[in-house]
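What follows is a set of structures for review.
Shared between the two complexes below is chain A, which pairs with chain B and chain C, respectively.
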Partner chain A sequence: MSRTADMTITPRGLRLRPDDKPVVFAAGFVLLILLVGTGYTLYTQGSAPLLQPQYLVQQLQVGSFLGIVAAGLMVVILLGHIDLSVPWTLTAAAMMATAVGGPWAIPAGIAIGLLVGIVNGLGVAYLRVPSMIFTLGMNAVMRGLMVAHTGGFAPQTAATDLMQYLAVSRIGGVIPVALLVWLMVSVAVVMILTCTTLGRSIYAIGNRERAAYLSGIDTNRVILIAFALSGAAAGLAGVLLAGYSTKAYQGMGDAYLLPAIAAVVIGGTNILGGRGRYLGTLVGVILIVLLNSVLSIMQIPEAGRQIIYGCVIISMLLVYGRGARVNG
Partner chain B sequence: MLEPAPFFALENISKHYGGVHALRDVDFECSRGSIHAVLGENGAGKSTLMKIMAGVVQPDEGRMVLEGAPVTFPNPSAANRAGIVCIFQELSLMPELTVADNITLSSPPRRFGFIDSRAQRRCSEELLARIGCEDINPLSRVSDLPLSRRQMVEIAKALGRDPKLLILDEATSALTSADVDRVYRMLFELKARDLSILYISHRMHEIEALADRCSVFRNGRHIETFAKGARSRDEIIGLMIGREIEGQFPAKPRRPRPASLITIRDLSWESRLNGIGLEAGRGEIVGLGGLDGQGQKELLLALFGVLRGVRGTVTLEGEPTAASSPKAAKSGRARMALVPEDRKSEGLILSMSIADNIAMASLDRLSHGMFMDPGRTRLAVERAIEQLRIKIGDAADPVSTLSGGNQQKVVLAKWLATNPDVILLNDPTRGIDVGTKQEIYRLMRALTEEGACILFYSTDYEELIGCCDRVAVMYDGRIVRELEGDAITERNIIASALNIAEQPETAHV
Partner chain C sequence: MSDTVLPPAAVESRERPRRWGEGLSLRWRQHAGILGALALFFVLYLFYQVSHPRGLTGQILIQNANEVFALALVSMAQTVPVLMAGLDLSVGAVMTLVGCIASHLIDGSPGEIALGIAACITAGAACGFANGCVVVYGRIQPIIATLATSAIYMGIALILRPTPGGRVHEDLSWAVTSDLREFAATFDLFDDGEASWLQPFAWIPVPLILLALIILLIWVPFIRSVTGRTVYAIGSSESAAYMSGLPINRAKLAAFTLAGLFAGLGGLFLALQTSSGNADIPQAGAYTLNSIAAVVIGGTSLLGGTGSAVGSMIGAMVLRTISFNFRIFDVAPLLQPLFEGLVLLAAVSLGGLKLLRLKNKLEVFR
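Coming up: the complex of A and B.
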């Protein structure tokens, strides 16, 4: 008798809040990817490299760059906006950091990102240009500036030792420093979103800007700060990525925009703003990185990989979307 | 009496929204070749009646009979096909399309399957000429036309559908007097062609000039129908009011008028506010009366810093202020608070929690630097829920789970947390049950006892009479009359709201 009573209580204890569902779902999918990949390697090679800690840590290190970009982007997406200037903000930060060199390399890179973010914020908040258009324009402007700066060639300057240390080194030979940087950015974003008036205002604006404005929230300032944060995160990612490849190069940020958006959205953040948890973005990044890696381990041709990758994103959003409609 | 058979008749029609009865058991009929005026206060059910006739909403009960045959209109185009065409109060034109596109929107002339733009233009020109608006170019974009011309385009569009019953809902409210004359001529011409016309207006002189018959609605009921001239203006107003007083209001304290806390001089904004002057002091509830849309909402928004380009001066505690944003308004020397018109889209963030919503306006008071103080926030939320007796399950639930009355209490709680001096209320009791209404009245009185000053706009005259120390009645962006003490009666408010003392000609601006 008592056992059945317990069992009727458990589901209630496990009941998920609507915001938790995508996180759990994405985490489950991460496990599924690992299982499928391991099944494949067991069948073809008789070993399970995907479950070894070195492999997982390596993936997390590679994922750090995407993770930092996604953290910044999430803040903007929560507002119901988008930052499409990420690729060339990242590239510009990397190029400026290597060009400046010395102790000021990293601050210079982040400052470039911050500056682009502030211009984005001014355009979106005060000039009321739709963010999709304004940040797309800024992306092109930054690209042009960088082509002018380098003459269209890969810059000859190299990343500083500190940049390489942050991106490549491992503490005690185990824990990647890049992972720690990602962790610090994550803690900062979680703090902003959950513990500050800024975070509260971001969710409020993302849900209903008019009601937030009429509550006396300085909506323009909040939008400006959010874009500045996104720009700074892209700048930091650029600095690290330059350290990882020891130099900056044209188009180095191109591979980061769409996966970052995908990671944020797979993590359960509403693309129209107002809803989402940072933990989801974290899981979303891991999902994207692992999916890419496992698909290449399984030696699926590029065309197939792209198709599977796209189908995964679409099908996950379909699942969330249906849930949201039922809840709403 | 030999009456012609009714062209269109409604029998036992009822409609309710939630618990609110918009129409109760209404019988109504109109006949061909006549102009039939429909009168009533705000919320008397006139608009709902029109919407049912035009197929915009479906009645809950009752049936409609068109030329002797029962009909139902599942959608507006079904009503259009039956010859019932409505010109609504809110303009229904597409601003980015041309005049000709709009006029022939529902059934554009076609050639080989494509829209025949030449025929479309010709047909628009003819229709515009019929209402004396040859000056409107059918190829100009609607958004480039002034409001009064757009209204004429709207009328041309309705004529283009070849109506047998034409419904005009406040259709002349935006017209210049020259256009009103043209519309009058057109209506008489249509009447001569045996059309049936229903005319809703708040302007008594228009009704006297146009109508053959008048029907008065009150509280969702059809009160009386009479031929023009059978009733005097006073009698008509009496019919519009005559309802039992319900709901209890807290006693008004009798005391001399307090010193002014907020002084408004010559406040103007675009064409909606035309030189408003008003004073209110601590401990006072000042009502804003008048018909819907005479500038009351704009006045509150202007004071709260939402509108751009407001002229005139506002003095708070003797200091001139010009709030440039709600943030400035809520944190000035005398703090302001606004309970906005639409609680679902402006007052609340429905998908966020009750606690988050209550804290929304006082984030700066509930934080150290940039970090929220969770303990203080929880305390403030609990105190507010207790003070306003908001009935909730858990403060972490989304505010959308609450009933309308409790939602409005959350809006009030949000602003009380800022400890405001001047509270601007925009129709705070609309769509709320009687019990919660009474709680809100008592709360308003208690707040003024503590020294707050309340500006209170309501579409419900009874509320203004029951709650307010003074009532400023607005008409066309001006305050036409200020009523005080025993002078605050329904008759006085309605008479001022209809601006009956005014000459008819000055009414259309």
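Coming up: the complex of A and C.
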């Protein structure tokens, strides 16, 4: 009921369509972050490193890990579900990839992610356990398996050369390969969401699963595939992150779940599912990464960063993420 | 429904026995979740006590009660928004923040301590009220609003306690974390706890009494009020509750405030138990996530509308008893997270069995 209300607004002149609003505001906020950061560095150091291409490309490279996680998570959130198993799916994929090594390292890592995603999908779609609690349980199980596997220490195995190439190298010394991987994942997600029946089914289920089922969509299968995609994306991010830091370590995925959710939501995706564009998620990821980077350049302590982080999410949503009033 | 052609007598004779039976089965269904969790708890705890090398002693009971208290209160806090089909991801952060405040304030003269306790409780409720304002007036989804506010509360906690530390009043700390006799002895009550009438109860751990008091004095009056009933009604159908003229905004504000209050009480106890404050982000996250698990084990539906904080308290006890058992059976600490996860998955997957009983496939979807 709340979602249809916004759809009826017709674009007039320069008026923003509701779906564009998050993208425009988030992009504007990205510029604001860059301006504030540049103002700070101009004042303290007399230079503007934030506006240099190297810095921006570096940020995009670091952001590509978060971007890949967020791309997968967005598919699940569009269903109206959530995947809390991301942290240890990512870590497990990284650890298994380095443990297997050789040419099979990357397929092994992604396969682990895919497997966790499929189990999540089975639990959520076929057993009808709320995704919040099932993926939470899977996260604990994966954590237990990995802690038991490694004995609680960082594994000694190193990332393969190919993993390091994908995460660290730059083509022609300029374009990071990780950025290209993120780009490919992004294109794949956009294609799935906009050009396939699977994508339309995902939006339909997010709006009203009962109606989607009655229109002949095999909703259980769609949910299963969406969770598998999210798991695979987390697995890929884990493989890349292991390549970036040359090895896997305990808790390497912990810092990715909440920022990924925040990026998806800041990008205008409805947390209840059914509405959202991938472009928004893309801008959301860039916003989160730049915010983190500028706050650390400004040497704001952890406490201040947490507060600013929370305030930014709330104020962005107050601008364009508000729900409709309940009116019967 | 009875405005049909049936004569009153016929209606009565047909309905009375059925209504009685229906009432019973309704009550049974309403409480099946809690009773199941209670049964699970008793089995696990009995198992723990039987296999404990020293058997059931007061000391072990006190220790167990102390370990349960904070999680029980955080889970009760989580229950209130979940009843409205929302979720509060800030309960762990509120607990941590109030714990950090307590580590600054709970010391000195009795008057200062009383003021400190009042300040801690107020701070918890204020955090919850702020959540409620963002959700009600900002109209932001609870899960994402509390995700953001939890970052803010953790930030404030980090300002208050950049490194773990602080101190709390030692007598008070000792009194609330031991049994009733010690509590009385510490404060020179009832002949130092030796009064003869007190002896049958003297073994009861103080945390358990506090839990019972919180449920009887805060939770029960709350759910019996119009505001409390409205919380349940919102969880069942917000638009129906609105159309019935129920005070929706007031109920939401009250629910989040109550959640903050419960989480704050949990943080206050944690500070007293550990005699310090610690702005530990992973710990806060773990409490939040465990609270969701405890709510589900306690029979509250994440879809809202049914459940109770009492169930969540029992759910928290079940979770803690599982780890007590690990200690007894000397399960390698490394394997504990694996078993905890498997137990959680098994417990929630049992709910999938109810799908087998559905007559209409459409009932699967919300």
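Just so it is clear, the second predicted complex is superposed on the first by the 308 of 328 C-alpha atoms of A that agree within 3 Å, B and C clash if a C-alpha of one lies under 4 Å from a C-alpha of the other, contacts with A are read in each partner's own complex, and residues count from 1 in each chain.
The criterion applied here is as follows: contacts are C-beta pairs under 8 Å (C-beta built on N, C-alpha and C of every residue); 3 or more make two chains touch, one makes a residue touch a chain.
Quick caveat: nothing in here was measured; it's all calculated off a predicted structure.
When both complexes are overlaid on chain A, the residue A:A154 reaches neither chain B nor chain C. Of the two partner chains, neither chain B nor chain C is touched by A:I171. Shared-chain residue A:L317: touches chain C; no touch with chain B. Of the two partner chains placed around the shared chain by superposition, chain B and chain C are both touched by A:Y213.
Contacts of A:M184 after superposition on the shared chain: neither chain B nor chain C is touched.
In the superposition on chain A, A:L51 makes contact with neither chain B nor chain C. Touching more residues of chain A than its counterpart among chain B and chain C is C. Applying the stated contact rule after C-alpha superposition, one finds that A:L32 touches neither chain B nor chain C. Residues 210, 213-214, 328 of chain A touch chain B in one complex and chain C in the other. Across the complex, chain A meets chain B through its residues 195-198, 200-201, 203-204, 207-208, 210-218, 274-275, 328.
The touching residues of chain C, when paired with chain A in their complex, are 87, 134, 138-141, 143-145, 147-152, 154-159, 162, 238-239, 242-243, 248, 282, 289, 292-293, 296, 302-303, 332, 334-342, 344-345, 348-349, 351-352, 355, 361-362, 364-366. Within the complex formed with chain A, the residues of chain B that make contact are 304, 306, 325-327, 329-331, 338, 340, 345-352, 356, 359-361, 363-364, 367, 370-372, 374, 414, 418. The part of chain A that touches chain C in the complex is made up of residues 1, 84, 123, 126-130, 132-134, 136-145, 147-148, 151-152, 209-210, 213-214, 219, 254, 258, 261-262, 265, 271-272, 301-311, 313-314, 317-318, 321-328.
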